[in-house]
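Common to both upcoming complexes is chain A, partnered first by chain B, then by chain C.
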Partner chain A sequence: MTSLEELSEISKTIANPAVDKWKAQGKPIVGFFCSYIPEEILHAAGIFPYRIKAKGCTNTPAADAFLAPVNCSFVRSCLELALEGSYGFLDGVVSMNSCEHIRRLYDIWKRKVKTPYSHFLCVPHKTDEEAVNWYRDELAIFKAGLEKAFGVSITEESIRNSIAVHNETRDLLRKVYELRQRETPLLTGKEAHEIVVAAMATPKEDYNRLLKGLLEEVGKREGISAHGPRLMVMGSVIDDPDYIGIIEDMGCLVVTDALCFGSRYFWEPVKTNGDLMECLARSYLKRPVCPRMSEDIGQIVTYTKEMVEKFNIDGVIMERIRCCDLWGGTTLILQKRLDERNIPLLVVDREYMTSGAGQMSTRVGAFLEMIGRG
Partner chain B sequence: MIVAGVDVGSLSGETVILRDDEILSYSIVRTGADSALTAKKATDEALKNANISFEDIEYTIATGYGRVIVPFANENITEISCHAKGANYLFPTVRTILDMGGQDCKAIRCNETGKVTNFAMNDKCAAGTGRFCEVMADVLGIPLEDIGKTSLEAKKDAMISSACAVFAKSEAVSLLRSGVPKSEILSGVHEAIASRVFALLQRVGIEGDFVISGGIGKNIGVIKKVTEKVGLKPLMSEEPQIVGALGAALFAKERYKKG
Partner chain C sequence: MTQKNIREIENVHNSMQGLLKHVGSKYPERKWMYEPAAKYFELLYEDLVQNKPVAWYFFLLTPELFRAMDIAPFSGEYAGSVISSFPEGIIKYMELAEQHVPDSLCAINKYTLAAALSGDFPYPDMLIHIAAHPCDSASIVYPVLAEYLGVPQFCLDTPYLDDEKSHRYFASQFSKLISFLEEQTNQKLDFDRLRQVVEYSNQAQEYVLKANELRKEVPCPISSRSSATAAGAILGLAGTPFLVDWYKKQYEMALERVQRNEGALPEEKLRVAMIWSSTFFDLGVLEWMEREYGAVVVMDLLNLWINEPIEDTSSLSKIVHGLASKTLKAPMGRHGRGPVDTLLEEVVGICRDYKADVAIFAGHVGCKYGWASAKLLKDAIKEEVGIPTLFFDFDAYDPRVASSETIKAKIEQFFDTYL
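Coming up: the complex of A and B.
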């Protein structure tokens, strides 16, 4: 199997061979809910951090009993899988105040899924130095709790090593994205998304090894030449590469994104100048933002604009999962700012599951016709 | 040059045959379970009306919900582009189009050439669509083609608070039981539809001239309510249901010329 095939397989399911292998060695796995949670701390405790996703969920009868109609279909689908037992391999979960939906998911998860260890992080909604200090303290509480629960000691040395490992992942993923920057990209958007999704479902050392293999393999490819418009995708969480596939099937190529299962996960390395816990707090808070951060809407616009220029984007698709108030509010501002710069934008509302593929195809098709010929 | 546009929608299928710039014939048929068959039925009927044979058609473009499964089409284009194209042919001054079809509803903005510049569609919801009207006509026992006219007899609107087709249906039933005249219920239903599509129009912004296409365009009750809300009198073609197929046929002409 090539590295790309291996990564693609990992992205397709919840439990994967890497999970089985890790568990067979008797080592713990902890699930986390949001890209603002520093995986380095879990990694330094000898834990495999696994980002909770909902791939494969097609119906939510059990979760519907616990969630209100206003909760989004992403958390609904995650909960469904957990209630079905798909996350039985987890030894713990770490959640945070990403949004109200994720909070509610955590409440129910704790009581109904009964994963042995659980922790809730209070992540500030601001990114100034005061917020950094607050988050550093939060991380210290988190670290102490982990040490107690798993009977380990997290040393400065192990944190330093974990940051180095994760920075290598970030660096390698940037290189993967550079392959898409070319006029004839070496990867489809679906493939690239599979690669990033796998990053959060594989122990990092193994993953870095796979990525190095991948870069070598893909480097020998011929670029994709007849690819139609170059698009960027952003908005609510997308953990299912098939969604990107549906978009590309309409005759375009997704060459970059501003997704948390995407570029926002790895774009900036963690700088290690000073107290390491503070460095983690600062880097994570200041990474390319999710609209949950209340003061930096302008940064989302800047980040989008930079991506559009760097990747030579013809149009942006902004998708929001219904009831996602964070991206819902941001859309209006983004729409206005992109309009001013004549960057075509398609806004689509969707449910988490890909069952609305027909409607999505029509919207993307019309958008491509709008920005294309004729 | 003879070309065809085939629009396979969720409730009806239409074919328009063009000779150069002139509409030679058109047809409207009810959609069956098989989209390919619907397309064929509509096209056969249009061919019969034009008194020509299938071999005379030089290029065909399919559009609509079933556009990818029209076996004899050379290409397919989304109904959004086709409605703008068709509306632009009928009314060159059009800048905003409201297409109210069988199961969805679209607000489209276009430029002076009929090219789409922005659009918005309703999602997974029958409110404001042809199917919604059908359900209401059925509940009230009035033929679909008469509900528009009947609603105009109302002295006031019955309050239909839900824009959801399922809930609105039960509301209509209970209003009927409590003796509210059918005309008032229908007027209320049309008001609910108009509110819904007006919100969609606001998402893309409304600029004159304004055209309504799609099957609901035949319901004068809805047209009246939408006109009141938008504040612009919509331009209406004689047959609003064929605008999408017409647009597809116009694209067929262009694409065939380009070779």
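Coming up: the complex of A and C.
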């Protein structure tokens, strides 16, 4: 099996061989909900940080007892999988105030799923120094709680090592994305997405080893020359590479993104020039933002424009999971700013499950025609 | 400062004055219930005529600071909730907003957004908003408007919890807000003036707390409509002498009724706890419940202002801490921002302490966090109080989702079954 095939397999399921192997060694796994939660602290405690996703969920009958149709279908799907036991391998769960759906999901999860350890991080919605200090203190509380709950000591050295390991991941993933900047990209968007999704479902040392192998393998490929328009995808959470595949099946190539299961996860390294907890707080708050960061909405546009230029983008697809008001509201400013630059934008509303693929294909097809290269 | 477009505010102001006259001549005993909304638009209109700088603000940040700094406070949420009850409602603004953002955003935030895009309302000189307090819809509309319009913004960042550390963090945001307002208006905050405004706010708050206590009496001395009016008044008018007089009047009327052992209704048959929203586009639904079923709303979540008046107004830091605390503890805000436990405890408390026979979860479709709490609420009420709860979905401001008649039919079926 090639590294790419291995990473692709990992991205397709909730549990995976790495999870099984880790559990067989009697070591803990903690699920987390959002890319603002520093995995480094969990890693430094000898815990496998696993990003909770909902891949494979096709219906939400159990979750619908607790959540309504106006609640995000990603959140409903995560709850469904948890209620049916798919997350039985977790020893703990960490959530945060990402959005109102995730806040309530944590309330329900704590009561109904009852994962042994749970923690909620209060992440600021601003990025000024006061916010950084607040988040540093929150991370210190989180660290102390982990030490107590799992009977471990998280030393400065172990955090430094974890930051280094995760920075290596970031560096390798940027190299993967650089392969897509070329005129003839070496990876499809779906493959790239599989690679990033797998990053959050594999112990990082193993993952880095796989990524190095992948870069070697893929480096030998012929570039993809026969492709349609180069697109960028952004918006609500996508943890299912098939979604990117549906877009590409219409005759285009997704060459970059601004997704939290995508470039925003790894784009900036954690700088280690001072107190490490403060470094983590600062880096996580100041990385490419999602619209939960209330005062920095403009930064989303800046990041999008940077990506458009760097990856030579022909058009942007912004997908919004229904009732995701944060991304929904962001449309107003994104549309205006991209229009000003004549960057075509397709806004698509969707549910988490890919069952509405037909409609998606139609919309993308029309968009490709509109931008004149489909 | 350039002259603002005040046409729409003038129209609403005139409509409210006309309504007051009409109600005053036909139903004089009801006129006082319409006074807060009329006063809000009267004061806003006067501020605009004087060409004061305009702050658009999210309404859980009550307007004391603006009133102390000669800033015209415009809250799209407060204005929209009043205007939604007009015959023409806010539909044209919903349609405008939905050209730009999904229809799933809360109607009252869409109204704010469309009010800005329409150009019908005074252009903001600044936008003040609160993050995640209570919902994403409110969180996103102001910053995107600030970016879209190119207007200075200030975001008050909220913590998740309600502990002392969180209050200190939030109070610090408030201090920075004052600096921001000073910078935007080129003036220093006049402490004595702020203290005076806060004293008014304190006096009003005392009456709010006392009136809420009286509502526990059987029969309940305060009617459903006046209760719904009171919930909004504080959001638009805190810090004005008018509000002190108005809440005092409400309290004294209620006290007299209690002393005479009378209720707001001729015969109280059913005590209702409104545990989520209310039918703001048609408060007549509440009066219909009273008429048809003798059902009075004894308490509603939006009236549950629990903060004590600011005890010590001798220093700016103490006032700032008090105002910050008031905002953090605002109903809806504290129910949505943090853990669901606060909501569950308080709803159970409302049902029990106000001796409710039934609870109604009027589920505004824009309140995603509310709907995500519904099952937990249902279970908590059933287990701890043992009363039935009606759940229905509707839009508190937009009758296109469920009309008054549809809502009445749901309530009718529930009451008929229960009674």
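Everything below uses one rule, namely that the second predicted complex is superposed on the first by the 372 of 374 C-alpha atoms of A that agree within 3 Å, B and C clash if a C-alpha of one lies under 4 Å from a C-alpha of the other, contacts with A are read in each partner's own complex, and residues count from 1 in each chain.
We adopt the following convention: contacts are C-beta pairs under 8 Å (C-beta built on N, C-alpha and C of every residue); 3 or more make two chains touch, one makes a residue touch a chain.
Bear in mind that the values here come from a model prediction, so they are computed numbers and not experimental data.
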Query raised in the report: Which of the two partners, first being chain B and second being chain C, lies in contact with A:81: first, second, both, or neither?
Result: neither
Query raised in the report: Once the shared chain is lined up, is A:349 touching chain B (first), chain C (second), both, or neither of them?
Result: both
Requested in this report: Identify which of chain B and chain C touches the larger number of residues of chain A.
Outcome: C
Query raised in the report: With the two structures laid over each other on chain A, which partner does A:232 touch: chain B (first), chain C (second), both, or neither?
Result: neither
Query raised in the report: Which of the two partners, first being chain B and second being chain C, lies in contact with A:369: first, second, both, or neither?
Result: first
Requested in this report: Could you look at A:70 and tell me whether it touches chain B, chain C, both or neither (first, second, both, neither)?
Outcome: second
Query raised in the report: Now for A:359: first (chain B), second (chain C), both, or neither, which partner does it touch?
Result: first
Report summary line: Note: overlapping chain A surface for chain B and chain C spans 322, 349
Query - Contact set on chain A toward chain C in their complex - result: 65-68, 70-72, 97, 99-101, 103-105, 107-108, 111, 120, 122, 124-126, 130-131, 134, 291-292, 294-298, 301, 320, 322-326, 328-333, 335-336, 349
Report summary line: In the complex, chain C touches chain A at residues 100-102, 104-106, 113, 129, 131-132, 134-137, 139-148, 153, 155, 157-161, 166, 169, 172-173, 336-341, 363, 365, 368-369, 371-376, 393
Report summary line: Seen from chain A, its contact residues with chain B in the complex are 322, 349-351, 356, 358-359, 362-363, 365-366, 369-370, 374
Requested in this report: Spell out the part of chain B that touches chain A in their complex, as residue ranges.
Outcome: 65, 77-81, 104, 115-119, 121, 123-124, 251, 254
